[in-house]
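Two complexes, one shared chain (subunit A), two partners (subunit B, subunit C).
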Partner chain A sequence: MFNYNFRWNQALNSLPQMLEGALVTMEIAVLSMAIGITIAIVLTLFRLSGIRALSAVAATWVEIARNTPALFQIYMVHFGLGGFGIHLSPYLSLLIGIAFNNAGYLAENFRGALKAIPETQTRAARSLGMTPIQAFHNVIMPQMLRISFLPMTNQMVWAILMTSLGAVVAMNTDLYGVTSDLNARTFRTFELFAIAAVIFYLITKAITLSARLVAARLFRY
Partner chain B sequence: MKTSFLAVGVLAAATVAMPAQADKLDDIIASGTLRCAVVLDFPPMGSRDADNNPIGFDVDYCNDLAAALGVTAEIVETTFPERIPSLMSGRVDVAVASTSDTLERAKTVGFTIPYYSFENAVVANEKVEMATWEDMKGKTVGATAGTYEAIWLEGKVKEWGEGEFRPYQTQADVFLALSQGQLDATVATVEVSEANVKSGNFPGIKIVDKAPMVPDYVALITLREEYGLINYMNLFINQQVRTGRYAELYKKWVGEGEPANLTIPGVYR
Partner chain C sequence: MIEIENVRKSFGPLEVLKGINLTVAKGEVLTVIGGSGSGKSTLLTCINGLEAIDSGRILVDGIEVHAKGTNLNKLRQKIGIVFQQWNAFPHLTVLENVMLAQVKVLKRSRAQAEAEAVKQLNHVGLSDKLAVYPARLSGGQQQRMAIARALAMSPDYMLFDEVTSALDPQLVGEVLDTLRMLASEGMTMICVTHEMKFAREVSDRVAFFHKGVMAEIAPPEQLFGAPKDPELQKFLAATH
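So, the complex of A and B:
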């Protein structure tokens, strides 16, 4: 196919470094999901609040997060805010960028989930004497999270893959960053990126499989 | 009569069945096109003019090489990390892309003799107190990912054990970060540094010092086993210097003064 002799031993020597990078990648993905879910719930509440200004904030967030490239969002966190004198490290820029993206997509997932929950439930909860917050927290939210659980794992997979965009903000400790640094030194492009791809695949596969196991246990009717 | 007829037949069959092994050099000449990978966000070596046409030292160098081969040049834009994949996948024939000839890389690609040599400067944000290159210790520094100076600077930061190293994807991003104050200092080639300070695109930066690195000799690269082409390009580089074209291109793209000496005293190539 092409003129290249694969030399796996040299590339495999770098495996420990790449696995360390994989840990950073997972750390960012997990943190960005935790932040993303929290913000998405807040955005959902904004939408439900019926207050125009708040639902406008939520709508704008979702529009920007879903309709611009994640690459752009991460770049803007670093260089856009940087123009205003707000300097974030590559790690924070990447984390905030992905969290912003996650929040937008998840808020939309939650909206879909809410549509699947009959509105009469809220009224029933209210008539039992719950405050609107209690009704949301005790009755609606658990069902919402259950319905959107699998879409959430989808977003988690995206978060893992999006960490590779950190390169545009000089991130060099995540899996992609470590790999491209090794590549610059050794030019063993194909082995290194093949290994990185396998690691990415294993991580995301592990996430989807374990999510399915968790879902099977938690959501038995 | 019959035997000689047979002999001619066998000979003819042999010529058809066993063509001389065509190498890359033959392929380029036969195809009539030389495809060069050039990095186009690395002025003055490679950039684009107002009409979006590729220009720069490396672009002219590729055109000269094509002219010598009697073929047309095709400039294929590439980034530093993409040089090797484009070579290996056959998207380009050679990379005229300021590639530093490290021993580690020579295990993978074929280098010619050096065709240019860079010295590197330390450039800092004006608000940062710096007098010499050693003041970079403990600071947030960065450079263009995948370059010789980035590898050097990352090594220094590790050696110092303090401060932070950030590899940005493009030279423009490095200077943007430096201008915004996200980076305290960077190491970049003297050519690039002077061009960027002069252009005014990145306010608030100053050249502080020379970086104490071994000069960064850069070479043309192609596939490691293409000796015919490497041989040809070695002679081509020699001729560029001999005919004064090297000095001419230096004056055109870099400025007044003498271009760097490409020989190393005291050793054969």
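So, the complex of A and C:
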């Protein structure tokens, strides 16, 4: 019943290709986080603006991003928009899909963080003559980013893992895509995916560890 | 000069300022005393436009604070305010706390801002704490930092809203000393306070607020020595 012959050497020969895939995976994760954080800050400002239409946009975004499968979100970017004649490459679809998801989760994290910052901080900043934007940018946002730093790290890990969902849009240059193609050609399924899993694990571990170092360096207060 | 003309202000059904008339001249030190809920703190936040008013008007150097076209951010540069909760910016060092608004609001160069910050922190006795984060400071030190932060904006007026009320008793003295120093240097100040001894010593005039009305205003010897308003008499009897 168990007569599978491990051929690690054959699989390990593919390691260089897989590492290249890992680079693409990291690139997508980093870009999707950069875009996600930027959009999340904008959504947070929308919510703070007190303008109904803007907070409705933010609330809708957060609801969809958090309450539908990430896989559907990526699928919709690729095939859903495709229906309207907007054809994006698998790479872009995956990047935008993950960024959409990141923005939703991060906006919610930021909202929680804002609740932890006393209202009097804004008052103090405003009474020094700062405009609302200056007060947010110089006083509130740095504190907000600190409070949500750990959740942001989690989201970054999640972004790395979400790249494997590129499978639904035929993405084949990231770690999952490369592994899957190699598998189709060699059928060394167990070995290939075990190696890919280890690479995923090492990347996410590296992220959590370096986040800890960055936090120690950044947040000395 | 700060001119307050028949100012009224309500929070919902509660009228906290019932027609206040008051003029504070350049160089004057006015302290405001009264029970909690008497409207004295609200008046301060109305003067720098943090709170809207319902009617009447407030003029600072002839500029109407609550008029539509008034640039409040600009006006607030003239009026420093320090609150009961000192509101240090926790993510910045003491020096950076005092530099921030100078750079962002007054557009001073970092070098200029730093020089001014060092000067003001020195002034309030914190010159050895420049690189420290506020979390490492005592309440009294944080409050003095907040005073330095306001002073660094080179304001013409300083408003103090119960700045010692949230402090441990043994830390009150150092903050009051800082206020005394400012008063002796000729700063125009309005201090809302519960420190009667302090009010008696530093004030040119003392105003007593009761239930949204300025019940009595007089030089300290007169107000504390021969209070006329019956509520003030009760208040002083209770606080002495």
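One rule holds for everything that comes next: the second predicted complex is superposed on the first by the 219 of 221 C-alpha atoms of A that agree within 3 Å, B and C clash if a C-alpha of one lies under 4 Å from a C-alpha of the other, contacts with A are read in each partner's own complex, and residues count from 1 in each chain.
Convention: a residue touches a chain if its C-beta (ideal position, glycine included) is under 8 Å from a C-beta of that chain, and two chains touch if they have at least 3 such contacts.
From a predicted model like this one, the values you see are computed outputs, not experimental measurements.
In the superposition on chain A, A:13 makes contact with neither subunit B nor subunit C.
Look at A:168: by the touch rule set out above, it reaches subunit B but stays clear of subunit C. By the touch criterion defined above, A:68 lies against neither subunit B nor subunit C after alignment on the C-alpha atoms of chain A.
After overlaying the two complexes on the shared chain, residue contacts for A:83 are found with subunit B alone; subunit C is out of touch. When the two structures are aligned on the shared chain, A:146 is found in touch with subunit C, with no touch to subunit B. When the two structures are aligned on the shared chain, A:184 is found in touch with subunit B, with no touch to subunit C. Looking at the complex, you find that subunit B touches subunit A at residues 80-81, 84-85, 88-90, 102, 104-105, 107-109, 142, 145-147, 150-151, 154, 164-169, 173, 176-177, 180-182, 223, 225. The touching residues of subunit C, when paired with subunit A in their complex, are 48, 50, 73-74, 76-77, 80-81, 83, 85, 87, 89-92, 100-101, 104-106, 133-135, 146, 149-150, 153.
Put simply, subunit A touches subunit C in their complex at residues 118, 120-121, 123-131, 134, 138-139, 142-143, 146, 219-221. Against subunit B, the residues of subunit A that register as touching in their complex are 2-4, 78-79, 82-83, 85, 87, 89-90, 167-170, 172, 177, 180-181, 183-190.
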